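One chain, chain A, appears in both complexes that follow, with chain B as partner in the first and chain C in the second.
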Partner chain A sequence: MNTISTATYDMNRSSIFSTLYSLKAALPGLLAMFFIAIFSNNLVGVPNPFTLQNLFAWLDGVIGPLNHQSFFQIMNANFVWNPLLMGLIIGNLFGVPNAWKRGLSYIHLMMPLGIIMLAPHFMIGHASKLGFMPILICVAAMFITATVTLYTGRLLKLDDRQTSIIAGGLSTGDPHAGVILMPLIKAKGGQVVGASACVILFGIIAMLILPLVGPLVGIPDKYFGLAAVTTVGNGAQSLFAAFGQSYEAGRYATWFDVGRHVIMPAGFIYVFVVMFIRKLKNKGNTNVHATGDIKTFPIWLMVFIFFWALACLHLFRQPAAHAIFNMVQWDFSMAAAALGLSLPLREIAHDGIKCFAVTCIAGCIRMVLLLAAILLCVKTGLLPA
Partner chain B sequence: MHGIYYYLEPLFMVFLMLVTTAALYMGIFKADHTSTSFSKKIFSGIASGVFSMVAWSFLYSHHCLGW
Partner chain C sequence: MTTNKQTTDQDGFDFMANAGREEQDRDMIGILLASAITVVITACQYLGLL
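Entry: the complex of A and B
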C-alpha cells in the first residue's frame, strides 16, 4: 500500500477491525473451512457422526491393532491431518472458487491464535516422575535433533524454510508441529505438508528398523522404551517400535512418552530462534528465506511463552485446560482445512526427494547418537536397571 | 448439561442451523447473486432453512437419544 492510499485508508476506517474483510466477502471461505472441519473431526458441540475421524476409527477396527497400535494413528491421523487431507482432496479434485479465497486467508489469524491456546496443554511437571536422566536425554535429544537437521539441510542445500519444518517435526516427534512452525518460519503450505509427510514416512521406517537394531545393541527393555520414544517419531510409531521389541519395552515407552511430549514447545521455539538469528546475521543473503519479513520477536509468541509458563506453574485448572484444548481442536481443524484447500499437489512434491534425504540422514544420525548415549548411561549406571 | 453449557449448547445449535442454511443458500441454490430474482431468493432461503433444520434435528436426535 502506498502513502496516499494508506492515509485515505486511515481516514476512512472506523476501528481496528477495519482491516478485516466484510462478513459477506469472507463468509463463503469461512463456511468451507467450517464444514470441512465438522466433517473431519468429532469437534466438541457438534453431534455429527459422519466424520473422517470416525471412518478411520472404524477402519482401524477392521484392520486390527498392529503391535497394539491403530494403523491410522501410526499414519499420524489426528485433528490437524484429517481436515488437511479432506481439504487437499476437495481442493485438488474440484478446485477452489475465487469467492472462498478471502475467507481462507483467515488461516493467518487462526494459526497464531491456536498456538497461543495450545499453551496449557504442555505441563513440564507431568514429566518429573521420569527422573533426572531420562528428562535430560529427552531434552538433549530434542535440541540435538533440531541442530543436526538444520545442518544437514544446509549441507544438502534444501530450502531453509522446509529444513526448519523438518527440524521441528523430527525434534518434537510430532510431524504436525510443522504446522505450528508455519507462521513463524513463513514457510509455504506445500513445504509444510511435504516436510511433515517426510517425517511421517521416516517414522514408519524407523519404527520397523529399531526393533531389529535393539537386540544387537543390547539395551534393556526398560530403556529401549526410552530409545523408541526419542528416536522414532509420533507417539503411535514409537509405541509400535517398542512393542515390537517386547511388551515390557512397550509399557515403558508409554511411561517415557510424556518426557518427549511436555517439552515440545521448546523444540519449535528453538528452531524459530535459531533461524531468526541466522536471518538477522545474513541480511541481504538471497538464500536465507526462513522467518521471512519478521523483524522482531513476535508478540503472539511471547504471549504463548507467557501462558506456557503459567501452565507449568499449574495456574490453569485441569477442566479449563481441557476446555481450551477443545477450542484448539476447533481452531486447528479450520486452519488445516484452509491449508489443504489452498495447496496444489505438485507444490507438496516439490524438492520431495531432497527433503526426504535430509529427514532420513538427520533421523539416522539421531538414532545412532541416542542409542549410543542410552547404552553408555546403562553401562555406567546413570540409568539404573 | 449444566452451568454455562445450559445456554451455550442451544445457542450453538442455532448457530449450526444458521451456517448450514447459509452454506446451502449460497453453495447449492446460489441465490446470493444480485441477479437472482426475489422470489427465487425467498424460495431458496426457506428451502435451505427447512433442510438445515431437518438435518440437524436428525443428528441431534441421534446424539441425544442414542437410537
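Entry: the complex of A and C
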C-alpha cells in the first residue's frame, strides 16, 4: 500500500511543495487538527477557555495538591498529551473521515518543524550554577539509563523501536522524547504511545518508592533532590518524590531539575545514533527495525543540532526563545492530534506487558545505580553537604 | 498485513506512511519553515521589535 502511494507521489511530483497537496484536499484534515489543538490546550493567540487543559486545571483544584504537585502534571498532561488524548477518543469513537487524511499527513512535516524549533528551549548555560558534580551525575544518569534500557529490551526481545522509545523517555525523564524519537526511529504510533505510557506509569511507581527508600539509604535532603530528579520520571513526579522526603529535598529537586532538562536533546540523539549504527552493522537482520529505511544522518536533525549549538551560545534570548517555544506548542498540538486520530486502541496495548517489564527493570537498575553513586559522592566529599 | 482504516483512505493513501521522495520533501519543508520562523522571531528581538 505504501509502495503504491509512494510510486503515485513520485509520478505526480512537480516540486517539494507537491507534498502539501491542494488546499481543497488538505484543508479538512488541517481544520480537524486545528480544532482539536485549540480545544485541548491554551495556545497563544486563542482566547478559548473551553480546553482540556483548563478542565484538568479545574479538576486539579478539586483534587488538591499531592506533595505540592498537581495530579494531572504527575500524569504528564501537557501540550502533547492533551490533543493526543482527544484525537484518540475522537478517532476510536467516531473514526476518521477519508476527507481528513491528506491534511493529517502534515504531521510528517510538523514533526521536524517542531523539533528544530525546540532547540532554543535547551540552554546548557542555565545549568552551570549547579556545579560540576551534579551536572556530571545528570549526564551520566542519562547515558547509563539509555544504555541499560536498550540492553534490557534486547534481552527481553522487545521490538527495538519500542525499546528505543522507552530508552528516550526514561533517560531524559520526559515522555515527550518518545514523540521526538518517533520520526528518527520510525516507530509506529502505537509503540510510541504505549512506551510513553509505560514510562509515565513507572514514574508513578518510582515516585512512591523513592521516599520510602530514601531514609534507609541515608542521602542528605539536598542530594535526595538530585536523586529524585535523576531516578524518577517527569518533572512533577520527581518533585512529588522529593517533597515526599522533605520540604527541603523538594526545593533542591526544583533547583537540580534544570540539569536534567537542558541536556535532554543529547538523550534522544544518543538513542538515535546507537540504533542507527546498530542497523548499519546488522543489514539484512529481520529483527532490526529501528531507524527503518534511513540511510544517512537526517538533515533536519543536523539543523536541530546547529540551532541547539546556537542556543548554547545564548544567541536566542528571551523573550524570542519563549515566543519560538509558543510556536512549538502550536505545532506539536496539531501533530499530536493527528497522531491520536491515527491510533486504534489495540495498537497501543500491543506488547504492553513486555514493554512495561523493560521499563521497570531498566528504571529500577537506574535507581539502584544512582542512589549508590550519589551516596558514594556524599561520603567521599565529592558532593559537599 | 492488515490495513489501518483510521489512517488509510479508499485510494490506499495512508497518512501515517512516510517514505521515499515524499518524506524528503516533507522534511525539507519542515526545515525551511522552522528556520524561517526561528530566524524571523530572533531577528525581531535583535531589531527591537519584540
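Please note the rule applied: the second predicted complex is superposed on the first by the 369 of 385 C-alpha atoms of A that agree within 3 Å, B and C clash if a C-alpha of one lies under 4 Å from a C-alpha of the other, contacts with A are read in each partner's own complex, and residues count from 1 in each chain.
Rule of thumb we're sticking to: a contact is a pair of C-beta atoms (placed from the backbone, for glycine too) under 8 Å apart; a residue touches a chain by one contact, two chains touch by 3 or more.
What you see is a predicted model; the values in this text were computed from it and never measured.
Greater residue coverage of chain A by touch, when chain B is weighed against chain C, goes to C. In the superposed pair of complexes, A:Gly45 makes contact with chain B only, with no contact to chain C. Touch criterion met: A:Leu315 reaches chain C, while chain B stays clear of it.
When the two structures are aligned on the shared chain, A:Gly189 is found in touch with chain C, with no touch to chain B.
In the superposition on chain A, contact of A:Leu27 is made with chain B only, not with chain C. Of the two partner chains placed around the shared chain by superposition, neither chain B nor chain C is touched by A:Ala385.
Once the two complexes are overlaid on the shared chain, A:Phe35 sits against chain B while remaining clear of chain C.
With both structures placed on the common chain, the touch criterion links A:Leu93 to neither chain B nor chain C. When both complexes are aligned on chain A by C-alpha atoms, no chain A residue touches chain B in the first and chain C in the second. By the touch criterion given at the top, residues 27-28, 31, 34-35, 45-49 of chain A touch chain B in their complex. Those residues of chain C that touch chain A in the shared complex are 3-10, 12-31, 33-35, 37-38, 41-42, 44-45, 50. Interface residues of chain A facing chain C in the complex, by the touch rule stated above, are 1-2, 4-6, 9-10, 13, 16-20, 29, 91, 95-96, 98, 101-102, 104-105, 107-114, 116-117, 119-120, 183, 189, 292-293, 298-300, 303, 307, 315-317, 319-320, 323-324, 327, 338, 341-344, 347.
Contacts from chain B toward chain A in the complex involve residues 8-9, 12, 16, 19, 22-23, 26-27, 59-60, 62-64.
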